[in-house]
Each structure stands twice: as structure tokens, then as C-alpha cells.
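Labels run A, B and C following the written order; every chain starts at residue 1.
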Amino acid sequence: MITKEQISDILQNYDINNLAIATVCSHSSLQIFHGARKEGLRTIGICLKSPPRFYDAFPKAKPDEFIVVDSYKDIPNIVDELVAKNAIVIPHGSFVEYMGTDDFGELAVPTFGNRAVLEWESDRDMERKWLESAGIHMPNEILDPKDIKGPVMVKYHGAKGGRGFFVAKNYEDFKENIDPNEKYSIQEFIVGTRYYLHFFYSPIRTEGYQLSTGTLEMHSMDRRVESNADEIFRLGSPRELESAGILPTYVVTGNVPLIARESLLPLIFSLGERVVEESLGIFGGMIGPFCLETVVTDDLEIKVFEISARIVAGTNLYPSGSPYSDYIEENLSTGQRIAQEIKLGASLGQLDKILS
Amino acid sequence: MITKEQISDILQNYDINNLAIATVCSHSSLQIFHGARKEGLRTIGICLKSPPRFYDAFPKAKPDEFIVVDSYKDIPNIVDELVAKNAIVIPHGSFVEYMGTDDFGELAVPTFGNRAVLEWESDRDMERKWLESAGIHMPNEILDPKDIKGPVMVKYHGAKGGRGFFVAKNYEDFKENIDPNEKYSIQEFIVGTRYYLHFFYSPIRTEGYQLSTGTLEMHSMDRRVESNADEIFRLGSPRELESAGILPTYVVTGNVPLIARESLLPLIFSLGERVVEESLGIFGGMIGPFCLETVVTDDLEIKVFEISARIVAGTNLYPSGSPYSDYIEENLSTGQRIAQEIKLGASLGQLDKILS
Amino acid sequence: MITKEQISDILQNYDINNLAIATVCSHSSLQIFHGARKEGLRTIGICLKSPPRFYDAFPKAKPDEFIVVDSYKDIPNIVDELVAKNAIVIPHGSFVEYMGTDDFGELAVPTFGNRAVLEWESDRDMERKWLESAGIHMPNEILDPKDIKGPVMVKYHGAKGGRGFFVAKNYEDFKENIDPNEKYSIQEFIVGTRYYLHFFYSPIRTEGYQLSTGTLEMHSMDRRVESNADEIFRLGSPRELESAGILPTYVVTGNVPLIARESLLPLIFSLGERVVEESLGIFGGMIGPFCLETVVTDDLEIKVFEISARIVAGTNLYPSGSPYSDYIEENLSTGQRIAQEIKLGASLGQLDKILS
């Protein structure tokens, strides 16, 4: 992985009064470009083959310019162009997935956030180690499938947008469905309601919800819409449908907005706080947006089943503010907050604290 | 149906600096009036018996004046009054349903949109011909009920707000539930998550997402709330409830907001584009708002099960902007966009291109 | 309960040009403080042990000052301090629940709303008497469990955030699950879709939707997110899960936004109207925000299963306006509307009409 020193060297030559943000044209790019424009930063869209036409329909979210590549594997070839344009890369889930974790880690362009998180996040065992050492309650892990006693969720490693998960009720179920060629983990299936909590950690802001260093924000929440699991109940129960060959799947197709009861906020903030504090110790800390993917049980406990260490697509619900971010600043989006953080880093001479 | 020439003649005598918009007080009228007011157009509410009191509670959406009729069948009698007031009629689903397609087609008042779409939209066979010739993927149609092999949705013809649909799992199910006096169609039941996509086609705007002529916009999305299908799972599965005499029904009671993952946008725009382009060829083209009613499968395919060729009530979620329309113009609603289109048509001398 | 005269005496000494609003730091306090700030009123947060840190993350919703108590039972001890600060208490569900109805009723601080409603709302029998005499359709009550014929919802008395409800399908079900030590009521289970309707009654406003005295507003709607009932369908039907020892529970964890079809608005307003008019007769009238908790059936009938006579947490979805309140005033929240009402009462010399 590229070192902080290498990135600092590149940054030395940046004109910090003329920064641009750059990201891959997918996932949350409309919001990222829109937010950057609101903050007066130039915007660069990295796209395949030709600029996606849909940006023409959204003039306030269209990047100022496009850089076209033939394949996401070619992004390393545009590094010089990005650097020449004073670009700061904003990673999102598709960006990292399309390029591959290794290539993304090597990309010699200043990137918002701490790339050291990739290693901890992409392996479910390390992710669990991080979160559990932070005191986060996760669904129990079942190491030996023969120990499956109640419903479990089986997940293959690596981000695949929810594809390939399945619920098994017992060992027989598991054996029938498992792909023996894939690395998997087995988690207790937590019964409750899903909340995806959108946080933002700033190592350079000094006012707000203070951590040992920097501040924590909570911008919004969403619930992912999963096809077909969210709607097959209209046809029948999973057990009834199994005989018809219809199995529940968990592919994310979009998001719905929601809020949590206010009395959960102290717990919600403490979860975000513990994850950040632990990350500071183990890999120098997450920076910017991250998401805790949780289930709230009927005991009002919050179990975290996954973490995303960058902007999540659920924030796309809120380009003009959310029921929470409006309490920070009217109409604030996470994309806009990223641009604010970059401007703040530049003005404080602390860009090296938020880029890697 | 009234001809374009007749409408042009009526328009000749309009004071285009003093236009009003008029619609029936239901469906999406609050949004339509609110949007027109934001654009400075006068507003006329057509209502039964007496002005609905609820407008008093919403002063920013209350029409400037009401025209009272005893029955929606009497709307033809107020044509002269509407014309004298330089009124342009904004049709919505209830407007057309209450008046009846034939009477609406004959109404001698300039009407936003192309009335020729009515014929194509109100008959499910013609609708399917239109959409499939546009290359849209629809749920398979089953012509002979004996060919039902998996779950199907049986729909009676004509818009009835979701009433009278039923799911059949096989031929026996079908026979038991079908009303032999109604014209019906049988569609494969697509398992996935429902998205109602709110588009807007302008034949006169020249910037944005360009079609062969005019531009395409996508304003927002919703999911309809259907009673009781959306909540009976809390009581039991459809099969379990059948014995208790409780059957799923699909009556629309409202709408929830949602968004789709950004990587679906190219496909979403191409669906809207193909439907518009095809409509240009077969009946001169849709104009203004339309909605594709879809299911997104776990293969991230989008199946279109119906089209509405005018403003849909799901847009009522967004009188002050949506997560998409905010990228076009802050706080833009579909109702407001209709008013903008009328003002643009007037200023360009092209009202005849958007009225019929 | 403290009398209106006692409150009037206290108010005599208030500096009405320097009013503050005070509430307990939970439930809907962010919205209440945020709304009051927008209206220029001072804000006081009453909290346990120490100020909750999460307010630091929401600067626009953080109260100007905190008053710390060791236990909610100690709130009576801060009465003099509140009065010295010209504070008006804004009650919410947690406020009343934490203090206890009796202590809250005695609190010698001017309180927004009519405390006489407490008695009618906290006892399910009196609540039913109120609503049914107003002509509201409620789910049928089953007095003798042996009369259970179809699915019923069994509710224990007192507000407990949805905990302890259960569905019984017959008398055997009921016997198996009932806690014999709790007072309960049995309601027919209405199949349909849930809508929580957020109203506001002002006895002093003179324009808008007029009642016999004052005006009625409808600000927004939500659907409560209930753990685990809203998501267990992903695992199996209630009957299938019963054998695995997993029972549906109805604990509110948050809220999702939604709207109702516009043609339901006349009925919705008439429900709010009848509840207010009846309350004027039986206890002098509700004041300010209240919520009707309803199910909309597939006949488009609205059954009311409960009333909350103060601000509900579902309004937290809309700190910057809702699809309805935007038609009243752009970005209007219920919290802001409360502050407006207090300012209006002060300017008209009619604070005694809205406080108790």
C-alpha cells in the first residue's frame, strides 16, 4: 500500500486553493459531486467508455469534467492526470470493489480517508476482532456449522451487494445451500429491525461531539431495500416458497429513509465512538463517513452485523439534509460534509490528517 | 376525441400572459396547485358540491378559486367558464377516472399532455404492445389460464386503485377467484422489490438528457402502500390466512419514499427513453409526467408491469424536492415542473406542442 | 391536579417577552428545541445526571441550558427554577411516562396543552368512551376473552412503547399468553396499513380549517417501526416461528415517513375534527399536537386504535417540513409550530388558553 509519506510528497505540489474532488461515476457520485459543487470545489467524474448520460438530467450533480477509462483496471494509468488537476479521490463502495482492494491501496493520488482500514474491513475475521475489541455487540459467530442451533445468516467474504447470503435454520439447511468454494462466515440471525447508521468522524474539527481526538457526527439513517427478501412475504412464507423453488435473496436495490427513537441516540453515539476510538489504536483511525449496519432488537439492544468504512449509498436519500443533519447545518449532505472537511483541512494546513 | 386543431383554435383566444391551471380537487391537486403558485400561475379547483374544507388547512396549496359541479359528469358544462379564465387543465388519475375516458377525451379545454395516450394506456393489450415494442421487459403474459405454472397476478382491466387484483398459484386458484364478468389479464408474478419511477418528458426543453426530440427527466420514486397486502404478514402468511377467510388485497392507501442504487440509473433512464421514443412513433408522444411501475429483481433487472401516462400520486411525497429533483433544481416538485413547462411553452410560443 | 387558576397566577409574574421552553431531554426534544430556536425562544433541557453528549453533535438543536436532576422524580424540586426562568414546559410521551401521570399533573409550571386530557388518555376505557362518542370507528373491543372469534390484539394498559402487546387468534392462544397480573384490553385485529396521523389544534388561531372554536392542522404522518414484528417475516410466518420460540413483539424502534392518498384527506380531517370537538365538551379540549394511530383498510375505512394527546416521536421525521406542513409554511416542524403557538398566545394575551 502506498505510504502516508508518498502521499504527503504528492500533496506538497498541490495548489490547495484549486483542489478538485474525483470519484468513480457510480454508487454515491451524484451526491458527492453535488456536495462538492455546493462547497465550490471542482469535480471530476471517472467513468467507463463514455460519460454516463444520466448526469445530463441532473445538472447540479454533474461533474465539471470526465476522465474516461476503458476499464476500472486502467485507473492507475490516470494517476498523473488526476495529480495534475490537484484531485483528491473520494472512495466509495463501488470504487473500491471495481478497482480491487490491492490496486486501490496502491493508487498514487491523495485519497480522502485512511486506506489502512481496507485490510480490517474486507476480512470478516479482522472486522469482528476490531468491533468486538471495541465492545460492540455483534451477532454470535458460529465457527462449526454443526453448531447451528437456531436461524443463522451465512455470508460469503467480500462486498457483493448482498448477493449470496442465505439463511439456514439448521445444519441440514446449511449443507444444502453452501458453496464449498467460497470463504464464508456464519452469524446468528438477529430478529429485530434493521438500521444503517451513517456516521462521520473528523480528526480535525474541534467543536461538537468530542472524542479523544477529533469529533463524531451522525448524519442520517436508512434501511436497505433487499430484493427479494423484503417483498416475498406477499407471496408466502420462506418455508412455503421453498417448495416452489423461490428462495429469499438479499441483493440491495435501494434504500428507504427512517429515524430511530431519540432515547437510542446515546447508545448510537457510543457505538460510533467506540468503533472510532478502537480504530485509532489499531490502524491510526477511520476518517470521514462510515456506516454501522445494525439490528435493533425488541430489548432496544443494537447488534452490529457489519461496518462500511466510507460513504454508503444510503446517504443518497439525503442530498438536501436529513432529519438529523438539519440539526448540524440546514440541507447538509454527507457528500457536502466531505467537501467541507477537505476545505477545512486545506485551510488549517492539515490535509495530511484526512488524506492517505 | 377533440382534435389538436380545435384546441389550437381555442388557444388562439387565450391571454397567454394570464394563464390559469385547473384540476379536479383530488389525487395530486395540492401539489399541482402548490407548484403552480410557486411559478406564479393562477389556480382553479374543480370540486363536487362545495370546496373541500381541507384546503383551508394548507394555505400554500389552496386554489385561488373553485368551480363547483354537482357531478364529475357535469364538467363538460363548465368548459366555457374554464376557457374564459384562460385555464389549462392538468389531468391526473382521478380526473380521468371520475370523468370517464370518453368525456375526458372530448373536453374542449386545452389540456396538459397528449390525450391520444389514453387509448394506449387504458387497454392492457395495447399498453403491452406499446411497452414491448419499446423493448421493455414486462412480466410474461399468460393467455390461457390453464398455462399458469407459477405464481401469477390477475388484474382486471381499467384503473381501479389496486382493487380486484389477486394472486393465483395455479389454475385451481385462478378458477376459484376469477370474476367471469370482467375482462382480465394474467401476468407472471415477479418476485423482487417494487419501484414506481416518476419521469417527465418535455418536447420543448433543449438542455438536459436529450432524446430524439426534447428531454427526459426523472424526478423521484416511491413505493405504493397497499392495503392489506403490505401488512398481513404480521398476522400470518397468505396461505395460513386463507383458511381464516383473509385474502391479500392491493388497494393503494398511500406511498413511502425510496431511492434506487445509483448503478441502476442508466437502465432506469433507458427505460424511460424507450417508452417515450416509441410513443412518439405510435401516437405522437407522451408529454409531461409519467410513471413506470416496476419490480427490481435480485438480478438487478427491472420489469415494468404498468405505465401511468400522467402525474402519479407518489409524487405527492415531494412537494419540496426529492433526492433526485434536488439535483435538477432545489425544492422542485413535479407539480411545479408542470407549471414551468406551461410557462416555457407560452414564452416560446409552443403551447400547442404540450397541450392537446 | 394543579388548577388553571394556579397556573394563571404563576403566569402573572412571567416576563412574556422573555419566555423559555423546557422539556425532558428525550423523545422529541431535539425537534422541540430546534423549533423553539427557529422562533427565537430560549430553551432549557431537563436531564438526568449530566447533559447528554449527543446534543453536542446537533448544535442547532442543543438547548441553551440544562437543568440536571438525579431522577425524574426530582423534577418537582426544580419548579422554582423553571418558573424563575419564565419556562413553559412542553410535555411529550417520555416526559409524562418518566415523571408519572400524577406528579406531572401536579407540576406547578405552566405547561403547553391541557393536562386534563391525561385522565382520558391513560385509561383505555375512558379513551374508548371519548373516541366512540366522537363517532370514531375503533377496532371492536372484546370484553370476555371467550368471545374471541378472529385475530385480536391484546394490550396492557398504560403507555409502554409497544411492549407487551400480543396477537391471539383464539381463546386458547389468549390463555396461553396473558399475564393475569396486568389490566388489559382486547381489540379486534384490523387488517390494513398503519398510519399515524399528526394533528395540531389551536384554540387561538383564527384562520385555517375552522372548528367551532379555533383551527385544526394536519402536519404529517408516519408509520412506526416495530421490533420484531416488522421484519420477522424474513425468517418465517408467525405460526412457523412459534415452534422455534420466536414470538412477534411490537416495540417501537423508530419511524418511517409516508403519505396517504389525497382522497382520504376529508375523512382524515373529519376524524381530527370530531376528536377535538368531543374533547372540548368532555374536558375543555385538547390543545396543540395530537396523534391518531390508525389502520387504513382495503375499503379505505380508517379505524383508530389509539390517541396520543401530545407531540409524538413520529414528527421527528420532519424537523424541516413534511409533504403536508410545507403547504402550511415552508420547513415547518411540529416543534416549531408549538413555539409559534406560544408566541401567538403571548402576543394576543391568551397564554391562559393554551397552557395549563
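Operating definition for what follows: a contact is a pair of C-beta atoms (placed from the backbone, for glycine too) under 8 Å apart; a residue touches a chain by one contact, two chains touch by 3 or more.
Bear in mind the structure is a predicted one, so any value in this text is a computation, not a measurement.
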item	value
Interface numbering overlap (same over half, different under half) for chain A and chain C	different
Angle, in degrees to the nearest 5, of the Cα rotation that carries chain A onto chain B	120
Chain A and chain C: spacing of chain centres that average the CA atoms, whole Å	35
Residues of chain B engaged with two or more neighbouring chains	230, 233, 237, 240, 256-257
Touching residues (chain side chain C, partner chain A) in the complex	26-30, 34, 52-54, 56-61, 94, 161, 163, 225-228, 230-237, 240, 244, 246, 249, 251-257, 313, 316-320
Contact set on chain A toward chain C in their complex	150-151, 167, 169, 189, 191-195, 207-210, 215-218, 221, 223, 229-230, 233, 237-240, 248, 256-266, 268-269, 296-300, 321, 323-324, 326-330
